[in-house]
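You will see subunit A twice below: alongside subunit B first, and alongside subunit C after that.
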Partner chain A sequence: MTQLQIEIQLIGIVTAVACALPGVFLVLRQVAMMSDAISHTVLLGIVIAFFIAGSLESPLLIVGAAMMGVVTISLVEMLVNTRLVKQDAAIGLVFPALFSVAVILISRYAGNVHLDVDTVLMGELAFAAFDRWQGWGLDLPRSLWLMSVVLLLNGLLIGLFYKELKLATFDTGLAAALGFSSVLIHYGLMTVVSVTAVAAFEAVGSILVVALMIGPPAAAYLLTDRLSHMLGLSGVLAATGAVGGYWMARWLDANIAGSMAVMVGLIFMVSFLLAPRRGLLALVWRRRRQRWEFAQTALTIHLLNHEGKPEAARENRVTHLQEHLRWKKDFAGQVIRRAEAGALVVRKNGYLVLTENGRLLANKAMTH
Partner chain B sequence: MIELLNNLLFDYTIRTVALGAATLGLVSGALGTFAVLRRQSLLGDAMSHAALPGVVIAFMLTGSKAPLVLIVGAALAGWLGTLCLINIVRYTRIKEDSALGLILSVFFGLGLMLLTFLQRSPDARQAGLDNFLFGQAATLLERDVVTMAIVGGLALLVLALLWKEFKLLSFDRNYGSSLGFPMQVLDVLLMSLFVIAIVIGLQAVGVILMSAMLVAPAAAARQWTDRLSIMVLLAAFFGAVSGVAGALISSLGRNLSTGPVVVLCISAIVLVSLLLAPNRGLIWTWIRRVRNRRRLRLKPVLRDLYALTNQHDNPYYPHHIDALRTTTGGGGVRWTLTVLEELGWVQRINQNHWALTPDGLSEAKRLTTGDVMRET
Partner chain C sequence: MTYTYAIEVEDLTLAYEEKPVLWDIDLHVPEGILMAIMGPNGAGKTTLIKSILGLLTPAAGTVRIYGRPYREQRHLVAYVPQRGSVDWDFPTSVLDVVMMGRYGSLGWLRRPGLKERELALEALNKVDMSHLAHRQISQLSGGQQQRTFLARALVQDARVYFMDEPFQGVDATTERAIVDLLKELRAQGKTVVAVHHDLQTVPEYFDWVTLINVHRIASGPVVEVFTEDNLRLAYGGRVGFLTHSGDDGRER
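Presenting the complex of A and B:
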C-alpha cells in the first residue's frame, strides 16, 4: 500500500466512526430520517456561509451548516406543532425545499467555484488526500485533521453525557421526571449530527453520511443489547465498511463513497441474516424448534391424560395419534421419534408410555 | 407574460417540458395523497433513491436508454427496496425510520457506484444517465412524455378502479380485512403504484427531489378539505400547476434545473395552504382563537350584570362599572361592555353606569341555564 492509499483509508475509517457514534442514538431514538434531512439541508448552510465568507475553507462553513441543521429540526417541529401535518410529512416537506434553494443558489451563483452538487452528493475521497495541512510536525490531509477533531469531539460528548443520553433514550419519562431536558438533549444530538455531516460531506458526500450514521448502528443493534457494546460494535463495523468499500471501489474503479455505502449495506445484510439471536436464520431456526417442542409437549399431555385409564389402550396407540391430534402421518412419526430421542416416551408393543421426564414435562406445561 | 404563454404553446422544448412536469405532478399528487394519509411520506424518498441502481442496471443489461426500459428498471429496483424495507421491519426490532434511511442510502450508494463504474469505461453511450440525480427536464422528448402519460394514466386507472378498496386500506384496514378484502395484496399494489408515480418523475425531477412531489401536493390539499375524493383531485391539480409553473420559470433563467424550481413552486403552494386554508389554516385558527377569547369575556360580564340586577326588583337596574370590575375581575371590562352594547344586550345609562336591555336579559337567562354554560 502506498502512503496515499493508507491516508484515504484512514480518512474513511475516521469519518465512518465519527458518523456511527451519534448514529447509534439516532437509530435508538427513532429519528434516523433526520440524518437524511440534515445531510441534505446542511448544503444550504454551506452555501450561505460560503457567500458570506467567500471561501470554502472558512470555519464559518461548519458553523453555518450546523446552524442550518438546527433550523431544519426547528422547522420540522414547528410544522408538526401546527398539527396540520404529521411528522413524516413535515420532514418530507422541509428538506426538499431547503435543498432546492441550495441547488438553485449553487447553479446560479457559485457555478465557477469548487462547490458543485455532485461532489456534495458523492464526495470525492480519492482527491481528499491532496489537500494537506501541517501541524505538530505532521503533514496530513485536511479531511483527516478535520474528521479526527470531529471524532474526538463526538467521542468526548458521548462520554461526558453518556448517562444522560442513555436515560433520555431508553426512558424519556424518567429523564423528564429527573429534570433532564429532553428538548436540550434532542437539539444537542442534532447539532452533533449536523457538525458531523458537514465535516464529512466534503470527503464522502451526504448520502454516505446517512449510510454510515444508520447502517453500522442498525447492524450492531441486531448483535447486542448493551448500549456500550453497540457503540463499540458500530465503530468497528463502520471502519470495516470503510476499508472494505475502499478496496471494492479500487477493484471496480468506481466512486469510493458509493462503494462504502454498498459495503455498509452488505454488513447489515450479513447481520440481518446471521445475527446470533436476532438474525433471520436464528429466527427461522427458533420457530422450527418451538414447533417441534410444542408438538412433543402436546404429545406428552395427550398421553398423560389417558394414562392408566381404561381408554388408554385405544388412545395411546402409536397409530391413533394421527386421528386424535390431527397430525399427518409423517409429522406424527417424526414427533414420536424426537420424543423418544429426548427420553420423553418409550414405545412398548405398539403403545406409547410416558417416561418420568415426559410426565414432568406434561405436568409443567399444564400448570403454567 | 404574453411571451411566456407564447412559449408554452409554440416552443417545442418548453411545451414538452411543461407537459411532462404537469403529467408527473398530476400522477404523483393523486397517488401521494394515499402516502401522506397513511403516514408513509418518507417511503417515497426511499423508493426514489432506491430506483437509481435500477436505472443503471437496466442500461447495463440492455444498452438502451429508451424511457420504458429505464422506467421498468427503476420500478423493479424501487419495488425491491420497498420489499427489503418491509422485511427488515417485520423480522427485526429495527424501526421503520432506520430501515428507510438504510435502504435509501445503500441503494443510492449502489447506484452511484455503478454509475461511476460505467462512466470510467470507454463506452460513451451512458452519458446522460446521471441526469437522473437531479433530473434534466430539458432533455425530455415527446416520446418520454408519451411514455410518462401512458404509464401514469394506467396507474391512475388502477386507482380509480380500486378506489373503494384503497380508501378502506387507508382509513380502516382492520375493517377491510374483516369484510374479506385481501388487504396485504392491496397494500403491495398501492406501494407499486407509488413506485410508478416516482419512476415516471425521475427523469424530470431526479431521485433526490422526487419524494417532495409525492408529499407536498397532498400535504397542501389536505388543508383545504376533509374528503378523500376532493383531496386527490386537489393534490393532482396542485402537482400539475407546480409542474407547469416550475417548467416555465426554469426556462426563464440560465442554469436553472427544473426539479428544484418545481419543488419550490409546490412548497410555496404548501406554505400558502398552511396559512390560508379555511378552517385548518393558521391564520384562520388565529382569528378563531381571538374571537373565542373575546366571546369568553363577553359571557362572564353579561352573567355578572344579570346576577347584580337580580338583587333588585327592577331587572334593568343600572350598575356602576366598578361593581362589575370586582365581580368579573381582570381588565377590559369597559371594552367588553361597549361590545355588549353594540350587540344590543346592555345600555349605558351614564358615564359609569350600565344596565341590561330586554334582549340582554333573555340572553343572560339563557346563559345561566346549565346546558349552555357547559357548551362553551
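Presenting the complex of A and C:
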C-alpha cells in the first residue's frame, strides 16, 4: 500500500470510530434521526461562521457548527413542547428550514468559495489527504489531525461521563432525582454530536456521517448485552466498514464515502440477519420452535381434559382430533408425530394416550 | 435539630397549560410510616411524587424533606419509578442497574467500584435476586424487574422512599416479598410513600393513606382516613367497582 492509501484509510477509520461512539447513545436514547438533522443544519453554522471569520480553516467554524446543533435541538424541542407537532415531524420541519437557509446563503454570497453543496453531502475523502498540516514532526492530512482530536475528545468525554450517560439514558427520572441534570447531559451529548458531525463531514460528507453514527451502533446493539461492549464493538464495526468501504471503492472505482456507507449498511444487514439471539433468523427459528411446542402442549391438555371420561373414546381418537382442534390434517399429523417422538403421547389402537411426561407437561402448562 | 415530619408539602400546585393537575396539596408525613397515595386514574398521584422529587416544576408551594428543600436532601431520598418508565431492552445487567442506586452518593465523575458492587449484591440478596445478578435485564419477568428496582432503591440507603406503583403487574409472591421489605424498612425507622391501587390491601400493607383527586381529599392514619365517605369523595361513584375488583389500570 502507498502512503496515500494508508492515510485515506486512517482518515476513514478515525472518522468512523469518532462518529460511532456518540452514535451509541443516539441509538439507545431513540433519537437517531437527530443526527440526520444535526449533520445538515451544522452547515448553516459553518456558513455563518465563515462569513464572520472569512476563512474555511478557522476554528470558529466548529464553534458555529456546534452552536447550530444545539439550536437545532432546542427548536425541535420547542416545537414538540407545544404538543402541536410530533417529534419526527418537528425534526422534519426544523432541519430543512435551517439547511435551506444555508444552501441559499452559499449560492447567493459564497458561490466562489470551496463550499459547494455536493461536497457537503458526499464528502471527498480521496482529496482529503492532500490538505496537510505539520505538527510534532509529523506531516499528516488535516482531516486526520482533526478527526483524531475529535475521536480523542469523544473517547475522553464518554469515558469520563460513562456512568452519567448510562444512567440518564436508561432512567432519566432517577438521573434527575439523584441530581444529574438530564438537560445538561442531553445537550452535552448533542454538542458532541454536532462537533463530530462538522469535523467529519468535510472528509466524508453529511450523509455518511449519519450512516456512521447510526449503522455500527445499531449493528452492535443486536450483538451484545452490555453497554461497554456495545461501545467497543461499534468502534470495531465502524473501522471495519471504513476499511472495507475503501477497498470496495477502489474495486468499483467509486466514491469512497458512499462505499463506506454501503459497507456499514452491509455490516448491519449481516448482524440483523445472523445475530445469535436477536437476529432475524434466530427469531424465526425461535418462533417456529415455539409454535410446535405450543401445539404439542395444546394437544396434551386436550387429551388430559378428556382422559378417563366417557367422551374420551370420541375426543381422543386420532382421526377425530383434527376436526376437534380445528387443525389441518397435515399439521395435526405432524404435531402427533412430534409428540410421539418426544414421548408425550403413545398410540393405542386408534386412540392417543398421554404418557407420564405428557401429563406432566399439560399440568405444568395449566398451572403456570 | 430533629424534625417530626419526614415529608412536608405545603400548598403544592402544579398546572399543565393553566389547568391544575394538583391543586393546593398539603401533606405532613411523620417519620417511620408506610403511606399509600391513592386516587382514581388521572388524580395526579405520579405527578405528586414527581413534583416532590423536583422532576416537575410546581406552579406554587413548597416541599421539605426533614425540614429542608429536596435539593439539599437528595441523599436522604430513594426513588422507584414506574417499571414501565424505562427501556428494559437497554444493554445492561441486573447488577449494573442496582449499582445505579449508588450513583447519587458517588456524584459526578467518580466511578462505582468494589464497595458499590458489594452493596448491590447485598441488596439483590435481600430481594432474592442474587442468582440473577449477571442476567441481561431484558430477560426478566415483571416481578423480577420490580425487585431489581427495589434493590436499586435499597442501595441508596435513604431515609425516605418514594415508590410509584411497586405492586403493578407483579405476581403474588413478589407482592408478598415487597410488603415484607417495606415493613422491614419501617422497622428501621424509614418512611415509605407508595402510589397504590388496590383498596382491599390498604389496611394490611399501610399505616397511613393519602387520598387525592387533583386536590387532597384526606391524609392520615388508615383507621381514621380510610373511610367509605372519603373513598367516595376521592373515587366518586366508582368506589363500589374498585373495592371488588382492584384496579390495575395505569395512570398516564
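By definition in this document, the second predicted complex is superposed on the first by the 356 of 368 C-alpha atoms of A that agree within 3 Å, B and C clash if a C-alpha of one lies under 4 Å from a C-alpha of the other, contacts with A are read in each partner's own complex, and residues count from 1 in each chain.
We adopt the following convention: contacts are C-beta pairs under 8 Å (C-beta built on N, C-alpha and C of every residue); 3 or more make two chains touch, one makes a residue touch a chain.
Computed from a predicted model, the values in this text were never measured in an experiment.
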**Study point:** Larger contact residue set on subunit A - subunit B or subunit C
**Key:** B
Check your understanding: Thinking of the overlay built on chain A, is A:D253 touched by subunit B (first), by subunit C (second), by both, or by neither?
Key -> first
Exercise for review: Report for A:V210: first if it touches subunit B alone, second if subunit C alone, otherwise both or neither.
Suggested key: first
Practice item. Using the touch definition from the top, say if A:V262 reaches subunit B (first), subunit C (second), both or neither. Key: first
Check your understanding: After lining up the shared chain so the two structures overlap, which partner does A:P96 touch, if you call subunit B first and subunit C second: first, second, both or neither?
Key -> first
Practice item. In the overlay, answer first, second, both or neither for which of subunit B and subunit C A:L178 touches. Key: second
Exercise for review: Would you check which partner chain A:Y221 touches, where first means subunit B only, second means subunit C only, and both and neither mean what they say?
Suggested key: both
Check your understanding: In the superposed arrangement, which partner chain does A:H40 touch: subunit B (first), subunit C (second), both, or neither?
Key -> first
Review point. Is A:A66 touching the first partner subunit B, the second partner subunit C, both, or neither of them?
Key: neither
Point to revise | Contacts of A:V85 with subunit B and subunit C, given as first, second, both or neither | key: first
Revision key, fill the gap. The intersection of the subunit A residues contacting subunit B with those contacting subunit C is 30, 221
Revision key, fill the gap. Given the complex, residues on subunit A that touch subunit C span 28, 30, 160-164, 166-167, 169-171, 173-174, 176-180, 221, 224-227, 229-230
Study note, to complete from the structure: Given the complex, residues on subunit C that touch subunit A span 50, 53-55, 71, 74, 77, 79, 81, 85-87, 90-93, 96-97, 100, 103-104, 106, 108-112, 136, 152
Review point. Which residues, counting only subunit B, touch subunit A once they are in their complex?
Key: 36, 39-42, 44-45, 49, 88, 91-95, 97-102, 104-117, 120, 130, 133-134, 208-209, 211-212, 214-216, 218-219, 222-223, 253, 255-257, 259-261, 263-264, 267, 270, 274, 280, 282
Practice item. Over in the complex, which subunit A residues touch subunit B? Could you list them? Key: 26-27, 30-33, 35-36, 40, 79, 82, 84-86, 88-89, 91-93, 96-97, 99-101, 103-104, 107-108, 111, 117-118, 121-122, 207-208, 210-211, 213-215, 217-218, 221-222, 248-249, 252-255, 257-262, 264-265, 268, 272, 278, 280, 283
